[in-house]
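For clarity, chains are labelled A, B and C in written order, and residue numbers in each chain start from 1.
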Amino acid sequence: MTTVDVAAWLDKVRRERPLVHNITNLVVTNVAANGLLAIGASPVMAYAKQEVADMARIAGALALNMGTLDEDVVEAMRIAGQAANAAGVPVVFDPVGVGATPYRNEVAERLTGELQLAILRGNAGEIGVLLGAGGEVKGVDSQGAASGLPEAMRRYASAHGCCVIATGPTDYVTDGERVWALSNGHPLMAAITGSGCVATAILGAFAAAAGRGQDAAAYAEAAVAALTCYNVAGELAADKAQGPGTFQAALFDALYHLDGAYVSEVAKIEVLPA
Amino acid sequence: MTTVDVAAWLDKVRRERPLVHNITNLVVTNVAANGLLAIGASPVMAYAKQEVADMARIAGALALNMGTLDEDVVEAMRIAGQAANAAGVPVVFDPVGVGATPYRNEVAERLTGELQLAILRGNAGEIGVLLGAGGEVKGVDSQGAASGLPEAMRRYASAHGCCVIATGPTDYVTDGERVWALSNGHPLMAAITGSGCVATAILGAFAAAAGRGQDAAAYAEAAVAALTCYNVAGELAADKAQGPGTFQAALFDALYHLDGAYVSEVAKIEVLPA
Amino acid sequence: MTTVDVAAWLDKVRRERPLVHNITNLVVTNVAANGLLAIGASPVMAYAKQEVADMARIAGALALNMGTLDEDVVEAMRIAGQAANAAGVPVVFDPVGVGATPYRNEVAERLTGELQLAILRGNAGEIGVLLGAGGEVKGVDSQGAASGLPEAMRRYASAHGCCVIATGPTDYVTDGERVWALSNGHPLMAAITGSGCVATAILGAFAAAAGRGQDAAAYAEAAVAALTCYNVAGELAADKAQGPGTFQAALFDALYHLDGAYVSEVAKIEVLPA
């Protein structure tokens, strides 16, 4: 039995059509926007220092992704993040490729130090590196997780008052108390670029549906719903696909037509024993 | 009966294969280029201050889109726009997200003030805001148009000597005298990101086919043809699609195979009474 | 009879899953990453001056593409290229649009002058312009090659100790001694944007499989294998496609499922007489 009503969360996103402000990388701008449109949210990409604070304040959520960072983008993330924090707008942060270069490590530390995150999401290698729990990163690909990762995530989440997520064949989500293990999804999701980045954007949409100024528990429940919806869409898309190219198109189709009752029925959500 | 020979315009674009210089946003660079290739034009994206004037001068049209603006991009737009103006190269401007932040309002005013546009195109919310006619924008999505929008557009077009376009379920096009209402298209066009931005790029291709140094009447007729072609391609693509992902792919297929005679046959072009 | 074992090269790429560091243009970041994933490599895009040297040093190859250049990107290419050179990491350079503006000419000369390239790849117009052998470029599209291009390429490759490639309906590859003519492929490859840029990225993957510090002969053989794989994937994709949109998706599917034995069987690789 799951305590997260996935269908109700999906329905709330579609009814509210939240504006998600993305400061994301150059590889995934298009697919992140299309993923948000397909699930029923309203995406906006804005990077200029002159406007990111204004945009973050009117958004339902702010999604930051450092996949192709430079100093201007990092500064825009900081400005937007502080405006979002001041307004209670939930901030989702994706430390893409942390562990690959000293600069990425430094930026990830700077942003996690300066901003109050609602959700921190990376692949298992990235989260392991960022939390000092082990794990390895090659470029932007995870090379495997540390064995004690879920417990290290729980401790970090508890200390920082945010939801922490490591995605992979199994996704782990924690609010600092509970740890969920989510096992829907399909291997083709790792065969297209930006699969994790689209997850980050969609986490923004569900965090927006949770509302402003919520606690880690609420954002974690929204995250469990978001990832389960996304992963089930991946399963449905894989049924239609002949490879990663047709899978990408089918994934947007599946998100667009996703039926909440069906997702609830096939959801594989487990709460790990404390 | 329509006075715009859509098939002849499409044929002219394909025969001349005009070079369209795009300074566009980070979300749609790929789809704008693919849309131009599919309709039979030759796209180039160039942003560096060192080359935008040279590129704009050799282009058939310059398409400016402020979807993900920053000061460097705005300065490049200004330089390219002035070079295009000096050479008579038609300039198409898409004020994406105007109304969402003060910075976007300021940039849109600056560019419309400094450049002579051939075509100004936005969604109904954006055009309403920019013309001071009402309308609302959330992020980059229109939240509905003002009731008197077509007449406000006609007055603005007449005062500024350019073609003004507001797209939506019905597209309005005016040269300051006539106002056309175009009602081809399909709702799935609003379910993919960059649908309007691709329209802007394709408007550039048709404006290039109209030629350099033409008046608003000529560019408006090119625009009626461009939007009708694009909207009919959207209808054809929707027939093949299972959702927004397969629709995106089918849209490029449809543009590539578009038959001018068929478009003329199914075109829904109406001239509004003055 | 071919001296290049295409199937063995493809197998080596898939076994080693090399990290390819791309500094590429804003139009093709997504498709370049997806092309690399589909063929079995690991893509990373990194642009910040603070990290490009670190990233290039740990990569199997560095792929530079000046499609949407500006001074920051050019400086990042120079830093990354010098780090790659120092570590023996093969550098692939794609002078997109050289010949279209003086700035592009200047940058292409600067980078080819300062860096030791493993592979220089462009379309026939670009390579003709860059080598001073004639040829014409409109925006970023080749307008036809000079008649003596393969011989001019051979001389340049010999003088500079690198592999030179001009792609088109026939691809020419030379190591300064031998000149190969490759004639697989399909016209739809020219109907999507970034087809050449994806080729450049995939050349990076195969150059990485050749290894660090190799000579032009080894990189040229890797290149013959890379382009033949890519072109045969294009043929397979065209069989499934209804136009350029579905072709793009089918191309990733075909790269993902590509069978080395089949590629070897249908390969059209010819060594031109000296």
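The rule is simple: a contact is a pair of C-beta atoms (placed from the backbone, for glycine too) under 8 Å apart; a residue touches a chain by one contact, two chains touch by 3 or more.
Treat the numbers as computed from the prediction; the structure is a model and nothing was measured.
With chains as nodes and touching pairs as edges, the resulting graph is complete, every pair of chains being joined. At the interface between chain A and chain B, under half of the residue numbers appear on both sides, which makes the contact a different-residue one. For the pair chain B and chain C, the CA-based superposition corresponds to a rotation of 120 degrees in steps of 5. Centroids built from CA atoms put chain B at 34 Å from chain A. Those residues of chain B in touch with two or more other chains are numbered 26, 30, 248-249.
Within the complex formed with chain C, the residues of chain A that make contact are 25-28, 30-31, 67-71, 97, 100-104, 138-141, 191-194, 241-246, 248-249. Across the complex, chain C meets chain A through its residues 19, 21, 26, 29-30, 33-34, 37-38, 42-51, 54-55, 58-59, 72, 240, 248-254, 256-257.
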